[in-house]
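You will see two complexes here that share chain A, one where it goes with chain B and one where it goes with chain C.
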Partner chain A sequence: MSTIIKLTDVSKIYRTKTIETQALDSVNLDINTGEFVSIMGPSGCGKSTLLNIIGLLDKPTTGTVELCGRTAEGLKDKALARLRNETLGFVFQSFHLIPTLSVLDNVTVPLIYRPGSRNNRKLALEALDKVGLSHRVHHMPSQLSGGQAQRVAIARAIVGNPSIVLADEPCGNLDSKMSGEIMDLLHSLNREDGRTIVMVTHNEDQARATDRIIHFFDGRRVE
Partner chain B sequence: MITTHFKQAWQLLRQNKLFSTIYIVGTALAIASTTIFAIIYYVKLAPVYPEYKRHQIYTVSNIEVEDTDGMLMGSPSFSYNLLDNLFYKLDNAEAVSGYIVEPGLKVLTVPGSEKVYEVMKRRTDTKYFKIIDYEFIAGRPFSQAEFESGARKLVVSDRMAEKIFGSAEAAVGKTVSVDFSDYEICGVFREGSALNSMSYNHVITPYTDDENYNSSYDECCGRYQALILTDNPDGMTSEIEDYYQKYKSTHEGRELVFPNQPRSAVIRALNPRNDEDFDLMSVVRLNFLILLTLLIVPALNLSGMIAGRMDARNEELSVRKSFGATSRRLLSQVLWENMFLTLAGGIIGLCLTYLTLYAASDFIVASIGAAGQMWMDSAIEMHLTPDMMFAPAVFVGALLICVVLNLMSALIPAWHALRQPIVKSMK
Partner chain C sequence: MISLIIKNLWHRRVANIWLFIELVVVTVVTWVIIDPVVVRVSDRCLPLGYDEDRLFYISLNEQPSGSPLYNENADNNESREKDIDRIVMKLNSIDGIESVGVTAIPLNMIAVIESYKCGDEKTDSLNKSILHDAFEIKDKIFSTIGAEAADGCPSVEELENMSFGYNDIILTESADRFYFPDHRGVNKKFLKKRVGPDHLIECKVVGVLKDIRLVNTDRNTAYAFQNYHSNFRVPSLLIVRLKDGINTEEYISDNRELLQAAATTVNYYVSDIVSVAENNRTLEERKGITANRNLRVSLAALFLLNLILGIVGTVWLQTRRRISEIGIHRSFGAFRFNIRSMIVGENVLLALCAVAVGLLIYLQYALKEGLYDSQLGAGQYITNHSWVTEFGVHFAIVSAIVAAIIIACVVAGTWIPAHRAGKIAPVDALRDE
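Presenting the complex of A and B:
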């Protein structure tokens, strides 16, 4: 299997005038195509920072990030945006649906930033069908339950057919029944579509169900 | 894409009613104040009916004559002698019209009727109709032959004709008495606005209707003023200066001068009293500052409101960035969305402008009247004509103001918000 995510000696230091905080310390990480990887660790250990750096939402202080064989180092805003759009899909703990857009329009968001994208509506409807929400397309986010909102967020994450889905505690705001549904959905995306999924979680049961667990403590990988 | 932005702006408007209402009302007030300001200057300076040739029209009125003993004589008008020997003979003028200044309103009556009308009368020549482009609704202006013969012909404005006879057509051929002299109506013209002093009249007669039209108490001072239509103001001025020299040499040192004249209609509008120390650039600077203040003060307020709203929208912008939007694209989105609100404010602002112009015409007239030789008389209706208020230039101006206000109020808060790291507002 080929490596789809490669982090080499990645460190992240947050600096203020008075304090310097090392969020990540020389992290090396290889994730293969089609893997479902969990990242675990106590709060503040650097899990979310790692996910943000993999998702190109944040830049490492030192080290390099490669996605699908392309290095992110030195890329300008436009190129980074394009790489994110084509390669990555995000699922957040708080869903982060845009409250002023309908379900359908929310799912269409990644496609409108893709140059030359066509059939946006059709693709969005297919993605919503896949997460079992094709009957809610014209609803507004405020009209959805937590589980439904997270399904819409997953539809949005996969509508652009990215190779990698990054999920930051996707079940953190859901009850156990809904969490089970969302995990099933993520597993089916991994198995059936072959997408690489990197998930941050505190839940050991959910983590055990994935291909690999990576533990973090104080910004370092621990075995 | 723009449709999507407007769709979202509509949703934002519905979901943030208080913010949107305050924003739209604030924008409307800003645009109304600037548009009223723009309309005032448009009416003063732009070619509006019937003064379409404003930018080619020059005026001459007051004269100063200095005698050999140093005595200076001034008059607000000059003699027929100068009209005939100087102005009518200008080679660099396309047309010259002389007219007699008769201040105040005249009494108009209709034989057989006891009704009395107060009218503004102009006594002039046929060239006046070449310089001022009246639209004749019925009949025609008096002819050159009628002018030369001193025929008692008269043209009347459509408003006055309708008031007296019920319609423009019914007026033609009728006899009316103006200041107790009878005239036959030969034409009816569409009345302009009282704000345009060069062309606002109720009745126009040939100045030759009085056999003493060419007499005056002095060789230079008299009762006449002139409108000159020319494409070559420099040539015209040079001709007039040559005449000064010629006059001086043939009158034993007696000197005449039309101070700061001929003046263009534009300069006349900006400096109606013909102040010697008038400085066009300082007037432009002052008006630019007023306009800027009218825009900056609301823009700062709106900018503060937008900054507050951008904080609330940071999460959305970060989500969009994480799915591939560039900062530039998002900036354009925010500006388009804001433009939607600004345009809504602009439309309301325009309505507010017209309501204000309709309801507070006295104030507007006072603003322009101070600069436009107005006759503040109750008999004169101070209306703005539709071509003044609904001119394409006014709409384009209002749209430009919308764009500028939008940029001024939204650009900095949006840019600031988009510079925030994506992860800051994502949990």
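Presenting the complex of A and C:
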């Protein structure tokens, strides 16, 4: 299997005038295509920072990030945005749906920024069908339950057919029943579509169900 | 993107209502302020039909009878004519002067002296007057100011070399078209009606000039020029054309004494020397046009500055509430440009809707009260056809200008908050809840 995510010696330091915080310290990481990886660790250990750096939402202070064989180092804002759009899908703990857009319009968002994208509505409907919400397309986010909102977020993450889905505590705001449904959905995306999934979680049961668990402590990877 | 902008705007319609109302009001007020400025500027930009560059006036006055310099022997028409001829000859010999013409009053100070009616005594079908000026046609007045003869009519040189009778008239093309719509008026006769007791005199048109606009602030180009015989005591005015490449103001400043000496005779003395361009500017100021324009432009600028500041504040607050949304767009591939376009686009679309409503409101008022026309005071005279007098065209042109100004203000007011929103790092934007 080929490596789809490769982090080499990645460090991240947050600096203010008075304080310097090392969020990540020389992290090396290889994730293969089609893997479902969990990242675990106590709060403040750098899990979300790592996910943001993999997702090209944040830049490492030192080190390099490679996605799908392309290094992100030195890429300008436009190129980073294009790479995010084409290769990555995000699922956030607090769903991050746009409250003024309908379910269908929320799912269409990644396609708006894809050059030459056609049939946006059809693709969005297919993605919503996949997460079992084709009957809620015209609802507003405020009319959905937590589980439904997260399923919409997953539909949005996969609508552009990205190779990698990054999920930051996707079940953090859900009850156990809803969490089970979301985890089943993520596993089916991994197994049936072959998508690489990197998930940050505090839940050991959910982590154990994935292919690999990576533990973090104080910004370092621990075995 | 356009679909996203429309949806965003629709879902935020309640939040945007005050900005919308403000823009509607601003549209109406801007119309009221801008319309006269646009009309005045348009009038001023019309071609004069003569070349005001390198042209200046020398105003002559006669010594009053009580003055120690007054010479009673020179106070007659024959002496006056000789004096004027002498002055013209002297001025023509001064280095830098190309030609000299004589008139009774400045080009832009023409008043209605007499009105004209075409046809016979019993015909009264045409009851409009045109503006009339008196010129000493024997001098090179038309060639000096740069007027041209209408096609198929005697040339300016031919006109200046003609021997004129007292009732010979030269018309401009507009006046000619008015009196003789079907054919050229040269050699045609018509009746001149004197002001005061009805008295009709038969006049003859001896020439037609291409339209000239003697008053730079109005649109009128219908004039009748009549030969001026120095048989009554009036101040005379010399119009002087300088040679190519000479700066008029500098020339006047450097040669004032020389010009004064050349234009002074027994009873004539120089009261003023001023460029035609400066004289036109002074006229605008004296009529209050300049002050009115400056006031309106200042008002508009102040008003629009307020609008920009209001928009900046409103959009700033709106974008502050939408940081998380911006983060979502950025994380799914939006460029900074996309964020800027989205925010600016929403506000421009809102402004377009508000401008449309504002224009509809103003249209109701305009249909009832009419639109601004700087020439309304000259209603009895012929004024030239212009977009200003065409209601539909006038409304469309000024509306387009108003819309462009307001959209420009909205873009200016939205740009900074939109630019800053676009620069927020996606990770920071997503943290904002």
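Things to note:
Basically, the second predicted complex is superposed on the first by the 223 of 223 C-alpha atoms of A that agree within 3 Å, B and C clash if a C-alpha of one lies under 4 Å from a C-alpha of the other, contacts with A are read in each partner's own complex, and residues count from 1 in each chain.
What we mean here is this: a residue touches a chain if its C-beta (ideal position, glycine included) is under 8 Å from a C-beta of that chain, and two chains touch if they have at least 3 such contacts.
Here the structure is a predicted model, which means the values were calculated and not measured.
Aligning the shared chain A places chain B and chain C in steric conflict.
By the touch criterion defined above, A:S2 lies against neither chain B nor chain C after alignment on the C-alpha atoms of chain A. Legend: residue contacts after superposition of the two complexes on their common chain; A:R82 is shown touching both chain B and chain C.
Residue contacts after overlaying the shared chain place A:T16 against neither chain B nor chain C. Once the two complexes are overlaid on the shared chain, A:S43 sits clear of chain B and of chain C alike. Applying the stated contact rule after C-alpha superposition, one finds that A:Q93 touches chain B and leaves chain C untouched. In the superposition on the C-alpha atoms of chain A, the part of chain A touched by chain B in one complex and by chain C in the other spans residues 52, 55, 57-58, 77-78, 81-82, 84-86, 90, 92, 94, 96, 98, 100-101, 105, 109-110, 112-114, 156, 160. Taken together, the chain A residues at the contact with chain B in this complex read 52, 55, 57-58, 77-78, 81-82, 84-86, 88, 90, 92-94, 96, 98-101, 105, 109-110, 112-114, 156, 160.
For chain B in complex with chain A, the touching residues are 1, 4, 7-8, 11-12, 15, 315-316, 318-329, 421-423, 426-427.
Every residue of chain A that touches chain C in the complex is listed here, in rising order: 52, 55, 57-58, 77-78, 81-82, 84-86, 90, 92, 94, 96-98, 100-101, 105, 109-110, 112-114, 156, 160.
For chain C in complex with chain A, the residues that touch the partner chain are 1, 4, 7-8, 11-12, 324-325, 327-336, 338, 425-427, 430, 433.
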